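When the chains are written out, they are named A, B, C and D in that same order, and each has its own residue count from 1.
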Amino acid sequence: MDLSPSRRLEEVLGKARGLVEELEPLERVVLGGSFSAAADELEAARARAREIGLWLPQMPREVGGLGLSVLEHGHVSEILGRSPLGHYVCNCQAPDAGNMEILHEFGTAEQKERFLAPLLAGEVRSCFSMTEPDRAGSNPVWLETRAVSEGDDYVLDGRKWFTSGADGAAFAIVMAVTDPAAERHRRATQILVPTDTPGFELVRNVPVLGHSGDGWASHGEVLYRGCRVPRAHRLGEEGSGFAIAQARLGPGRIHHCMRWIGVAERSFDLMCRRSLERELAPGEPLADRQTIRDWIAESRAEIDAARLLVLDTAARIDRDGAKASRERISMIKYHVAGVMLSVVDRAVQVHGAYGLTDATVLSWFYTQERGARIYDGPDEVHKGVVAKLALRRYGPRSD
Amino acid sequence: MDLSPSRRLEEVLGKARGLVEELEPLERVVLGGSFSAAADELEAARARAREIGLWLPQMPREVGGLGLSVLEHGHVSEILGRSPLGHYVCNCQAPDAGNMEILHEFGTAEQKERFLAPLLAGEVRSCFSMTEPDRAGSNPVWLETRAVSEGDDYVLDGRKWFTSGADGAAFAIVMAVTDPAAERHRRATQILVPTDTPGFELVRNVPVLGHSGDGWASHGEVLYRGCRVPRAHRLGEEGSGFAIAQARLGPGRIHHCMRWIGVAERSFDLMCRRSLERELAPGEPLADRQTIRDWIAESRAEIDAARLLVLDTAARIDRDGAKASRERISMIKYHVAGVMLSVVDRAVQVHGAYGLTDATVLSWFYTQERGARIYDGPDEVHKGVVAKLALRRYGPRSD
Amino acid sequence: MDLSPSRRLEEVLGKARGLVEELEPLERVVLGGSFSAAADELEAARARAREIGLWLPQMPREVGGLGLSVLEHGHVSEILGRSPLGHYVCNCQAPDAGNMEILHEFGTAEQKERFLAPLLAGEVRSCFSMTEPDRAGSNPVWLETRAVSEGDDYVLDGRKWFTSGADGAAFAIVMAVTDPAAERHRRATQILVPTDTPGFELVRNVPVLGHSGDGWASHGEVLYRGCRVPRAHRLGEEGSGFAIAQARLGPGRIHHCMRWIGVAERSFDLMCRRSLERELAPGEPLADRQTIRDWIAESRAEIDAARLLVLDTAARIDRDGAKASRERISMIKYHVAGVMLSVVDRAVQVHGAYGLTDATVLSWFYTQERGARIYDGPDEVHKGVVAKLALRRYGPRSD
Amino acid sequence: MDLSPSRRLEEVLGKARGLVEELEPLERVVLGGSFSAAADELEAARARAREIGLWLPQMPREVGGLGLSVLEHGHVSEILGRSPLGHYVCNCQAPDAGNMEILHEFGTAEQKERFLAPLLAGEVRSCFSMTEPDRAGSNPVWLETRAVSEGDDYVLDGRKWFTSGADGAAFAIVMAVTDPAAERHRRATQILVPTDTPGFELVRNVPVLGHSGDGWASHGEVLYRGCRVPRAHRLGEEGSGFAIAQARLGPGRIHHCMRWIGVAERSFDLMCRRSLERELAPGEPLADRQTIRDWIAESRAEIDAARLLVLDTAARIDRDGAKASRERISMIKYHVAGVMLSVVDRAVQVHGAYGLTDATVLSWFYTQERGARIYDGPDEVHKGVVAKLALRRYGPRSD
């Protein structure tokens, strides 16, 4: 398995690097103010991404994507991850990227036409409504939201939160319990719910470490109250909700972990630059201090090792499939999140008070990426998975 | 040296505990929204603090304070520190507490009457204007802001930031260079500047990790442009600015470090409660997980050890003075900040996504207390001080 | 609670400091070679300890000890702990100190005369035989060694290891199961077994990280094979073995933890001295490097905080008893062991290859003190105890 | 760059795995006792290695080696590193492997015949004599040992230590100063010194954490006193000592770092097995504890990431040469040593007291591999190198 980018991919990466650098002024608008305030500029940047061939890097060619392997998309995701806007501008941002994947793989022709097509075109956004305030997010099979079958419809009732990007989305994919009596992995079903359906209520954008955000950059609390949609909005068969969620896990994990590598690299750049520029006294830059150099050296090693771990995992998914790679898919979650947050924290410390202001992207990373150790399963859950699989190799006793 | 509270102090602490608990609903208003939005309730809480004898715990009895020793005020500060509003409500909040101390010790009778009296009464707020955007905050003797003597006046020019609480303050104590040619510790002077002086311009409240804040809960960027004040506004003699700043360092450090212990204890409470209440599956609370228990046990030990270190330092200041205790005064800065931030981070992780929302005080601690490793000298500076003093005991070679 | 030493105690500590310094040349003999090789010098050092009033610091005056409180003995233990020979020379070394305590508190008049008297006099040594190779040491109630009652005798059968100091001991206190059917805390009994009893077989001194050791400085594997002793050798009533072991836990823990503080302080001294003396290039001592200074500063803070935690725990035991202090007695175990081992490791790193040789006491600390995180209950067990007790304060659910 | 082993290499690795497993009983002899005690069995194992085609994996085919790339030898080194005897048995152990490399690349025909040939044949051993007790090992250009030119001879005077394997070696390669006045990287020269030369005196095997060792498994202190060898014993030109040492650095680093990965993997195996076998109470294996599972999961991730980092570095050396890869060659030194020592420490803790005995190879790893953070440049030096090179990318200011 060769982990380095091919010459063709290098070209894509070069263009992505250029695009991401162009986004820097736009970042300031979005981070300091609001997502919608930058709507026009973002639209222009999206047009540019399309123009230079960076649109939908995660999708197959037949639907207008770049047709990259998981490994290749991993490389792209790192570059885009250097900016909080990178993925959005190329239309491969969570949760839309995952939703596209689900629709592409499990959607009916009608669902694809109505829901997937405008998503691919970047005309609408979507959200994924799974986590519930009253249930531990780390246990995805324990949900309360119900979808009751009534005639040709499902009627949904329940409360969700951390439904990212619900604000302004055209539709949600909702994970709801269709059969409470079923085996726990077969209880829930994924259902498409247009956000203009009566009974779909965006209660608020949950403030995350001080940012309520708006538009795509928000985490909605959504109330489903007698929310009725046709049974034809069901994805896959009844009870397949968890299985479908699992299916998208591998590529999605690579997407996130490489994005975090991008976050770490951007923070590393900022740390190095600041340490060279900032003087403690005339002629004494921070970069002369051994402690700062230790941080730079430790960060460099940790990032390089973590990147290889993710790329190697991506290559395994390409070769062996996600299921065979699940030990690694769990492993990179906690390992890379930890590395990223360490590097961000060191970069903040090097910047001093300046690093806490909204003048650099570090404050965004410090607050908005803390969730990396929590969403999609907290560290503790993934460590449990890895240990269980690792121990299996040594004997029967291991659950 | 006995570090435990006396019976008399226990009574004060009991009242402080009660007051701080009453502040919880108010916290939500301030943290979620703004400081000024809660102005009336805060005024009421201050009245209550006064009424039950918790006003000005840091000041001597002759000016209306509780006349506590540094050690005793340390105990009080821990309790008040459990809430971001605790110190404010008792009028012992930074930076006013430090300013009161400076004015009380170094102010002239006129300065005391005009500036200190209303501060003690809680009628006005003040700010301390030292850190500059273009100079490393970790080198307090390297400043650019000038105060040029012209006749009976000083004319100030320069730019400051992280002038906390500038928004709405009645006056600032400004550290400005009066003699650029002097020995580096004798260059600057502290000068009282009413905020309605022409040439005092609050440019903005600097956003810190997403919070611009307002009123007391803000960090101002201030431009001094030909800002003219009478020479009688000078504190102490010319060139004494750094020495005066040093003088207030000991008690101020105890105040902050015990406040951080309070932050850690509040976070510990939240972590324990959440772990008992939150179930991962029916009948399986988080508190049953060994990893969570490890965090609880490690946090308990680290907090208890750190508290004793601060209290012992406070008792040394009371006994030997701040100068003799400076190794410890530096030591508790990085040690306690580190412990606090570890405990806060573990508490966030135990809460999961909920811990990132503004529903608990943890999000405030996670963002607004990150500065503890930076302001008043970053970890790295204080470690350098401790090592230098420690090495001195082993031989002549140590600077 | 005042944690500082009284003037009277300061005098004792001063003498202890002098004695420990005198031991340095002897350390080299013992550490490099063997314990018995230094027998004469050790005997002379013991005579000196007796002469200057440092004999049996842990015992009450009526049996010839110094009559110190737990807190006071803690202070002494730190000083003695600076040398691996300090406690031995004052006859307060583990496991004899614990055995004296048990015999003093639970022994019959006959047991005291025959076993305790010569121990107090330093004429014999003893050992404590509890841990078994086939049972997890972290679960002290799960033992295999049996003591079967036959007429007026007990007959012991079983295998023990880590019976420290068995080599050359006059007798062992053996923890053996007398009633396998009893409730798990009531199964075992402590029984005095002279080592010349037929059936007591010292199989070997277990090599610990390369040192088999000899005499007191060894960890024996002992086989009990039909080993018959009179029932009068039983300590306390049948089934009280675990309770008696628990009773001695508090003071013993203080003894060990303060000894570890001594180890850390000695290592800190070595680290500082080496960093001042060792040059990386002419005129560039290690002490000029910021990384080294960071380690010094971090170590200084961690040791000072840990010492206060232990002293405060000692004072609580004196005031409230061991049972009421058990959360702390568990807490200091893992906290202080961790701090000690960090400091030792940093000191080794500062010494470079020299720190790995047997030229300094660091190599002894690095190898022989690693057990601190294991013996008397591993970190993990004590963290569990602390978390359980801490959680109890927050609600009924906590076991 | 493809990091996975080719099919041909997989075959070699399979054989290496088998050989290393066969060494386990022999390990116990060597570790517990002495290297010479196992001389015959080691000779037999070497014969076996030769027979199955594992001899000299690091050397080119033309001198009887396996002709592997640096990457390929890295894979082999991991497997051999699982046992402290693995490299020795295949005649690719340090320091002989490095000496062979030097002789092969820089030796004259006569030197090759006299010194290299018997080394390749495994008939003799050699040592590398550079580190001096009175000079910081972390500064290899600051040496005291002199080689003074007298007629056709060099006369060497000086003291070296950590001359590993000096005990029983046929010759030493000695780094000695030939021109003290030269630029600091040009002062020293490497000179071949047969150990039976008058004036070569092996003072002692320096005890490392309690093991003096013997034969290959030892670290000699060597006194050179008027030690006279022909000028024809010089390697390369005068003043090239440091340059030659640098030249061998890349492949040697891969050798060591992959060996450490092997150490970590062996420790991981032991940790997993022990946790499944050891019961804390009947039916409750250690492996059921979440803390143990956390350690397993963290170790798994750290080892996998570190291995990829080393393999990727090896592939870069193969592709771009060692000089172009020096940032990485320094980086893997501290990163992998740290990972290895963490995993070893966790494995010890899982084994409890048993892990401290010499019953498993863990005690050897814990003591003998601590040097990994010190020899060949301590962590601190390599971090400095990496930071310097990393910072260079951001601007001119970086030394």
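Convention: a residue touches a chain if its C-beta (ideal position, glycine included) is under 8 Å from a C-beta of that chain, and two chains touch if they have at least 3 such contacts.
None of the values given here were measured: they were computed from a predicted structure.
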Most widely separated chain from chain D, with each centre as the mean of CA atoms: B
Result of counting contacting C-beta pairs for B-D and B-C, higher pair: B-C
Gap in Å, rounded to a whole number, between the CA centres of chain D and chain B: 52
Distance from the mean Cα position of chain D to that of chain C, given in whole angstrom: 37
Chain centre separation in whole Å, for chain C relative to chain B (CA means): 43
Multi-partner residues of chain D (at least 2 other chains): 289-291, 294, 380
Interfacial residue positions of chain A with respect to chain D in the complex: 1-4, 269, 272-273, 275-276, 285, 287, 290, 292-294, 296-298, 300-302, 304-306, 308-309, 312, 327-328, 331-332, 334-335, 380, 382-388, 390-391, 393-395, 397-398
List of chain A residues in touch with chain C within their complex: 289-291, 294
Parts of chain D lying in touch with chain C, wherever the complex brings them together: 32, 131, 133, 136-139, 142, 161-162, 206-211, 278-282, 286, 289, 291, 348-349, 352-358, 363, 366-367, 370-371, 373-375, 378-380
